[in-house]
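Shared chain: chain A. Partners: chain B in the first complex, chain C in the second.
Here is the complex of A and B:
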């Protein structure tokens, strides 16, 4: 294929067959001798673009080109954000249906349900063990239990729900470790300074790493406190928020109440540096950033 | 054991050992010769109740008695209401996480996701089949797909979510058939007139069958329209609601707009009869009720 007429208009490259080959900047790598079209060629290209007989091919090639762009546009950030948002959704979902499960199960065996605090353990135990064994474990005789005698059909319906709850807990933990491993891989500095849970939430809030990088530290400080911020902006009597998501960070949590705003500001500052280093593939220096942050307030 | 001093005070039965034996009305069945205490016995019982040394035993027996009452208080209605409410919750949950699944999966294979409308079928197919096979089914070459190449780890996270969604759909359908079978068993007339979906919702709204029986037909007509009703009561300018849950019934749906209120009123009337017949274990006459209802508006 000859490229003597090749030229670049925006990102789209034509040769004299009016054929889209590849994105412009990639083409330069492939054909280092490629030059900008001179006046003569530019006129030729413009004439070609006016000719309706090329339109169908142009549209077709443009669509193919766009499809490739879409294909290439998927980055790890997309997966991280989906996983992190899924986690939040799962928490709500699991809470709703575990509450239902508890209430329902307590018709049958209230003593066992009361004896166990953790929802997750509760689901697992009732999903695998028999009711009699569970009662034995808490030393209660079936005769003295307040639980009703319910038919096997009812028992089955309850246990099926319990098994699904257990599965959802499994899904939650596997999604969490998946999200954490992705974060560690792509945002090691951010993870070290923020902790993977908060790092995930920050990314989820910003949408992509790119957007998070673009944000000034003061925006990062208030991510998740949008409601309070806009309330303050509408009505100056409500105080401005000091922190959003960062409030959950142990560094802010452990500070005295009057110092928490200051701590959040310093933390947001370091986070903003960390995410920039990660995004532009800098060297790992998360530990140093974290240490600096701690030292600043320890003297 | 002798019962010469046995007597009944309210529901609690004492013999001369001041011992709670059983609920009064059950005791009469067991001991048909049991009589109301005469004046002499009543005084004796009152004296006994003043004596503090019996208090501990009285409290203990009372608790045991109450536990038995709690045990016996579980009725099929409880299961129906739990199952029906669970169904509604599951619908919300499934919608949330299927939406997430679709969005996430579309990074990988957008063409297949677009080709299939039903969420349930979508989850099932991607959970069991390989991605390449799915693409083949809709005649798309992997090379021309807009889907990105994603790592096995990402694929695994997505597919795990898909499998959980599929399980939730299974849970939904099994809970639905469980609720329907319970309803058919306990409220056959109500089910015939209202359809099992609406019958379940009415019960779920009322809490128990007993409460639904206590309601006048006009309350049944407006179940589920509480918000509109109270808005009307606060502010007479907003119109009174004509129907709540009953709006979903085909009998109301098929009526002309101007007749829907009338239809809902007639339907609520019949439902109120049907649920009373069911609750007091009357004979089955659901078909007759339904026929009467239809004939009323067909002439």
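Here is the complex of A and C:
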């Protein structure tokens, strides 16, 4: 009686004492009447495979298989999570360097910098328009300006930074529309109930859609509030958190302070339903979920 | 540089070293030291729980040159690379992790060394990777999951040779955040004692907070 065993290093044929008879590829056709080993044979087979001559093949074939597994593991969720995280990082990055740009530019033309609130518009304008034109726009004569006379070399350095800031704003908006379109495509229900910004953050926090689907609504309610939750679990004197990321949702924001926890709980409930429908490719019913949620509190 | 009590591990002053299997290549940012033409890699106890246990006085670890090791929770291969140094060319390390991101780095380490077989799989389901490995001398587990001891026992039953060693790193904070670490360690110890002989255990404070490493021997 002989046994067959399919290992990662190819087919192996064992005799009834579980010694290796032959190892190679496509062996089973050569031997008639091969048997499948049962559960308690498997231990003996595992031991028989401990032969040093198999080690090189174990390493080589496992590396090859793992490479394919890693390759196949990439899903749209990975792109969504990277895009959402990039957005957050861009926000902090842009903020830092625009502050630097403003400080630097104000040596040259403080009046124009003060006259314009929006950072994005500010970068756009100083990158494309000449300084004299900008002064004219706010009706200030160069002579009465507080700005210093600076050399073309210095001006160039400042304007180069301004152009880079403008590019970053373009990158930010294109990344945002990319993330939103991916989210709409893969998680339409979640997007409708949560809004794309919060939907993205929830996914980013969970890591993948699969993990978000596995979470109960109570966990979704507290995503982003881990610190407070664990503080509460260790020390009962500190109050439990009522919401994490969901606090930013307009539905929770618009509620009275004393009702916010209740709103977050109901919202998390609907979100958990929405993401499950999306993940298992159910029909679109985001609008209905959202309506139910609003009606519940508008009696 | 002199050999320590453990085969394959060297010491100089208070630092531990292993002989570099792939000379000239760093795996993380460890120091490389060459003595009499042989290159050693420093084994940092703040980055590797196994090294931390040795520094805290664990008398043996079961891993020696030529061992076959199943490493669960391999991550990017920091500790795995030192285990691979110790077992050398005669041995093999089956290194398993669940997250594609870290396995990507692990594959690069495996390609440099020739005795690591990386596997992308879930340690809680030994059946899914049984055909990719063989019976082993040592099971080392360091996964941050709730049922760490249960996963460990399941894998040992399936793959550990009689008389083989099991090393289990317990992260108390992933078992239960509210319980006292000491109590968790006691519970895990009782659970392990039913299946194995618990040879030694070391709490890893202050090198790793709320961690503990158990050494058991299969009956």
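Just so we're on the same page, the second predicted complex is superposed on the first by the 237 of 299 C-alpha atoms of A that agree within 3 Å, B and C clash if a C-alpha of one lies under 4 Å from a C-alpha of the other, contacts with A are read in each partner's own complex, and residues count from 1 in each chain.
Here, a residue touches a chain if its C-beta (ideal position, glycine included) is under 8 Å from a C-beta of that chain, and two chains touch if they have at least 3 such contacts.
Here the structure is a predicted model, which means the values were calculated and not measured.
After overlaying the two complexes on the shared chain, residue contacts for A:58 are found with chain C alone; chain B is out of touch.
When the two complexes are overlaid on their common chain A, residue A:107 makes contact with chain B while staying clear of chain C. In the overlay built on the shared chain, the residue A:85 is in contact with chain B alone; chain C does not reach it. Legend: residue contacts after superposition of the two complexes on their common chain; A:96 is shown touching chain B, with no touch to chain C. In the superposition on chain A, contact is made by A:70 with both chain B and chain C. Using the contact criterion defined above for the overlaid structures, shared-chain residue A:234 touches chain C, although it does not reach chain B. Of the two partner chains, chain B is the only one touched by A:174; chain C is not.
Once chain A of one complex is fitted onto chain A of the other, the partner contacts of A:283 are absent, as it touches neither chain B nor chain C. Chain A is touched at more residues by one of its partners, and among chain B and chain C that partner is B. Note: residues 67, 70, 73-74 of chain A belong to the chain B contact set and to the chain C contact set alike, using the contact criterion stated above.
Residues of chain C touching chain A in their complex: 68, 90, 92, 94, 100, 103-104, 107, 110-111, 114-120, 130-135, 158-159, 161, 177-178.
Of all residues in chain B, only 64, 67, 70-74, 78-79, 82-83, 85-86, 89-90, 92-93, 96-97, 100, 103-104, 107, 144-150, 153-154, 156-157, 160-161, 164, 167-168, 171, 174-175, 178, 181 touch chain A in the complex they form. For chain A in complex with chain C, the touching residues are 5-8, 42-43, 46-47, 49-50, 52, 54-56, 58-59, 62-63, 65-67, 69-70, 73-74, 230, 233-234.
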